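There are two complexes below, and they share subunit A, which is joined by subunit B in the first and by subunit C in the second.
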Partner chain A sequence: MKRTLPLIITFIAGVFVVVTFFIPREPFGSLEQRMLVWYSILGGFTLLLGIDSLIKHHTRKVARREKDWFYSLVTLFGLFGTLAAGIVTWAKYGTPLELASLNEVGGFFWVYKWIMVPLQGTMFALLAFFIASAAYRAFRARTFDATLLLIAAILVMIGRLSMGVVPATLILAVLLVAAGIHRLLIRKPVFGAVLAALGVGLGVLVLAFPQDAIRLAPQVQEWLMSVPQTAARRGILIGVTLGTIAMSIRIILGIERTYISST
Partner chain B sequence: MVLAYLLSVIFTQPVVTMEAEAIQPVALRPVANLKAKDTPNDAGQSIDLSWELSPDSARVKRYEVYRAESAKGPFEKIVEFLVPTTAYTDADTLLRNKKDYYYRVDVVGELESRASSEIAGPVQAKPEWFNTNRIPVLVFAVVYGLLLILYIEFAKRDREMFVRRIAGLDAIDEAVGRSTEMGKPILFSFGIGYLTDVATLAALSILRRVARRAAEYETRILVPNYDPIVMTAAQETVKQAFSEAGRPDLYQEGDITFLTADQFGYAAGVNGIMLREKPGTVFLQGVFYAEALILAETAHSVGAIQIAGTNMATQLPFFIAACDYTLIGEELFAASAYLDRDPQLLGSLKSEDIAKLITVGLIVVVSVVGTIGAVLTSVSGESGILRSLTEFFNSGFERLVSFLTTS
Partner chain C sequence: MNFSTILGIWIAATLTIAILSFLYRDNPLYKFAEHLYVGVSVAYWVIYAAKFTMEQMVVNVFADNWQAFLETGSATAFLEAWILVIPTALGFLMLTRWFGPRVGWLSRWPIAFTIGRGAGLGITGSIQGILLPQVQATFLPLWTPDLWQVVANLLLFIGVISTIIYFYFSRPHKGLLGGVSRVGITFIMVSFGAAFGYTVMSRVSLLIGRLYFLVYDWIVGTVDFFKALL
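Up next is the complex of A and B:
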């Protein structure tokens, strides 16, 4: 019964939402939105569960002086400090969401503006460095696929770089020749020769026909982005959409049950 | 004296004429063909209006739309437009269903000269029982539902179902084993999805498999969460997996915790756990946004094997670049069928493939019809068979595109 009841509720709720999708008349038309509101209300209550878990976990670590307990202390200080700031602002203005607290040290919005926002910004800014390191690993021409990826990425960059097509292409040519020589040195003669020939050919072409290169580079970049890139992206999106529908039907019909506990 | 009179006549006459012209408002012609009808496929309380611009639209300063409950008025202005407009949907919340309304559109020119259109009405707003715009969706859902039932029946009759290998799912056992050998924990992240996200539900089935193996190998599994509801579901899933593996004693609720409901706070928290605990394997399964690469690169920096999977097309390139294995979109949704090998789940997976085949077939048909239409447009004349064929292909293309985009 513990397992059957949730499946029955899921089936009824799922079928009901699917049917109301085709009925614009009230109260059916807005039912999906209303259910999302209910979910948000339930979510608000479950936040208590989350806070309970957080406090228990970190209090235990601090109490037992477990490894890295100091970070847990910082977390608890942040949690209760923000709570205190909210209560103080609430007591003063009748609401914790008073904008005037933005300029008061220890106010609720002050905490948000001067602690939360810079911390979030710092984490987001780190992304630039992570992109650079991931790109370096992804674009190393170790395999044929990675080489294709590298060439496509460089062509797109050449088409978009403000430094100019000719210098950018020459840099690419030098890089390809260097990669080719490296492959030759590690005893991959065919792959190395292809890369080096590609680099030399590209360099010669751009020096021989600079005007054509300037004209063609943005077109190549545009084609890569609008044809192969869009086609691959749409293929993934169609797969994701069908997968989502299939998964939803499996859940509604009770075929997919892995998310329900039987204990 | 005479000269003075003549001069005054010559110089004052034109000025008087210009002033007279400026004072006289120029008559405007009203908008034509005003139509009012109930907005189709809606919940009611909405009426669509359309009209043709006034022939004097160049001199019109604004268009005013009026509504009344009687043809005799009084008319109340409901909206005005300062640019030429030919349609408006009156979705006023005060509008009542099944009640007669009358509409009029005025054009207003210089010196507030105005011309009123003919009155349109009576018209009633009505709620609909069926949204006909969604017929293609219904057709698709019915076809897909039938395919699903058909293939589940095939699967029940023990028909052989081929499912191609999914490297990311095959590597789960190996990845858990690696963590065990290294004596390091496993970290599993759902990203910042909620339990209403299908990707999170799919990730739960992967967590179950991972947790079961972890229990068998006696390896610790850490699941930091962004959403408390997902945390509760994850706790239940891991608990059940540990019980199934016969090791409920190893289950530790404290390892499946809530971190924060802030995106970058969550990323910072998971990064901190990775750097402190140095997991041997990191699973990133579910819904990810900008934090995807931050997590994947940090996992790489601590030497963890990473198996990622998401339905977010924008984050997939990052996972592919940074992780050892990536479940691309639908592969994530296929996880439970692939791992459990349950005939019903495999049948549904097969029906998904057939639906995809039909979609691809439709796209090919649309492309061919569109291309033929475009080629014929460039070569056909004003009349003849070629012209008819061109129209046939072009209209067919438009209908197919409309059907596909609505679906």
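Up next is the complex of A and C:
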């Protein structure tokens, strides 16, 4: 009952989705859509489990005056304050926010607009700095592969610039020459010479034809994104999909059953 | 600009600076903003789910169908209303985890349903939505009037095949397999680099957006607000 019934439910639900896919006629056609709705409803209930866990964790910290308990209080204040704003707005206007037009409706939208959006946007913007420091460590052109990564990244960045394409390309050229000299010094003459020649060539071309560089930079970026980037991404995606199919078959047949051992 | 808006701008500006203060080092201001963000965003999604999932998919559908059944006596409407008991019951079973392992095992049923549906979609959805379209998009014509397009199509094909072969670990990467996987890693590196550059630029544009907000909405907006008051 505790282990067999969940396996049977998984089997029936999985086979059901596969069968409805091959029978597009009613009532099977609409059943797939219905299961999607049920899935969303279940998602709503699981959110309650998450919020319960969050409240328990932070109230425990506050009650025991653990380290940084004040910040737990801030989380609880944010949580209950926003919930209260949502409930009050909902009761007053019949909806917490007008999704269709995102019109300003009540205090809940105010919290969303002036607290959640700025916090979220700045948090992601902060990653620009950390991603740059990670790039410094990762892109030191130690190997051929790391050099490719570096060049592709910088070319895409230059291609998406709205101004300053020429100086940015010159910086790339100087970086390549510097990396090439460094390779030459640590007894990798061929690789070093290729890098340095690439850098010198790029620098000369940009200085000789600055207008062409400005015109070509977005096209190079576009080509990199649509050909090599798409090719590798597609290869990985196809591999992941094949893995997903294999794992799905294992789950439906009850070979993979780790999901019922965690409860 | 009213008082509510200027108050919102000041709060948003303070929180933006609080988050950016992490660039100096971890500090109480950043921790305050970070913890506030967790609380606010969780509450936002709870209200969102309550409105757009629970109300619209359960309460409203039940009420409409029940009303239709009362008015017309339609068996379909009756069934449409009461079939919602199944996902709702499964949802409540999910909450049995609150009451410990004695009844908590009942939560396996909704989990099993979710996993089973996901696995089913993992077969049909993946084949129809990802695998076949991606394979179809890879086999492009290699004979077109545009030579540049021929090169691009050929590179795309070689890139996809060599990337897949790079992730084939059942045999050692030697000989032909080693050569092809070497080409694959080259494509993967260019791809990761390009994706990285793209991500950096999107983050930078977000940063520009926040700085623009600080300069124009906060500083200029506040000056304008007080000018209007005076």
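Here, the second predicted complex is superposed on the first by the 169 of 263 C-alpha atoms of A that agree within 3 Å, B and C clash if a C-alpha of one lies under 4 Å from a C-alpha of the other, contacts with A are read in each partner's own complex, and residues count from 1 in each chain.
The working rule: contacts are C-beta pairs under 8 Å (C-beta built on N, C-alpha and C of every residue); 3 or more make two chains touch, one makes a residue touch a chain.
Nothing here was measured: the structure is a model prediction, and the numbers come from that model.
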First, second, both or neither for A:L76, with subunit B first and subunit C second: second
Touched partner set for A:I251, first subunit B, second subunit C, both or neither: both
Contacts of A:L119 with subunit B and subunit C, given as first, second, both or neither: both
Partner chain(s) touched by A:W38 [first = subunit B, second = subunit C, both, neither]: second
Touched partner set for A:E26, first subunit B, second subunit C, both or neither: first
Subunit B versus subunit C, judged by how many residues of subunit A each one touches: C
Footprint overlap on subunit A, where subunit B in one structure and subunit C in the other make contact: 18, 21, 39, 42-43, 46-51, 54, 68, 71, 116, 119-120, 123-124, 126-127, 131, 135, 233, 236-239, 242, 244-245, 247-249, 251, 259, 263
Touching residues on subunit A, where the partner in the complex is subunit B: 18, 21-26, 29-30, 36, 39, 42-43, 46-51, 53-54, 56-57, 60, 67-68, 71, 116, 119-120, 123-124, 126-127, 130-131, 133-135, 137-138, 233, 236-240, 242-251, 255-256, 258-259, 261-263
Subunit B residues touching subunit A - in the complex, by the definition given at the top: 41-44, 127-131, 134, 137-138, 141, 144-145, 148, 152, 194, 196, 198, 201-202, 204-205, 208, 225, 227-229, 231-233, 236-237, 239-240, 243, 254, 257-259, 261-265, 267-268, 272, 276, 290-291, 293-294, 296-298, 300, 311, 313, 316, 318, 320-322, 328-330, 332-334, 336, 340, 342, 344-345, 348-349, 351-352, 355-356, 359-360
Of subunit C, residues touching subunit A in the complex: 4, 7-9, 11-13, 15-16, 19-20, 22-23, 31-54, 57-58, 83-84, 86-88, 90-92, 94-95, 97-98, 104-105, 107-124, 126-128, 130-131, 134-135, 137-138, 152, 155-164, 166-167, 184-201, 203-204, 206-207, 209-210, 213
Complex contact set, residues of subunit A against subunit C: 2-3, 5-7, 9-18, 21, 34-35, 37-52, 54, 68, 71-72, 74-83, 86-87, 90, 95-96, 99, 108, 110-129, 131-132, 135, 145-146, 148-157, 160, 223-239, 241-242, 244-245, 247-249, 251-252, 259-260, 263
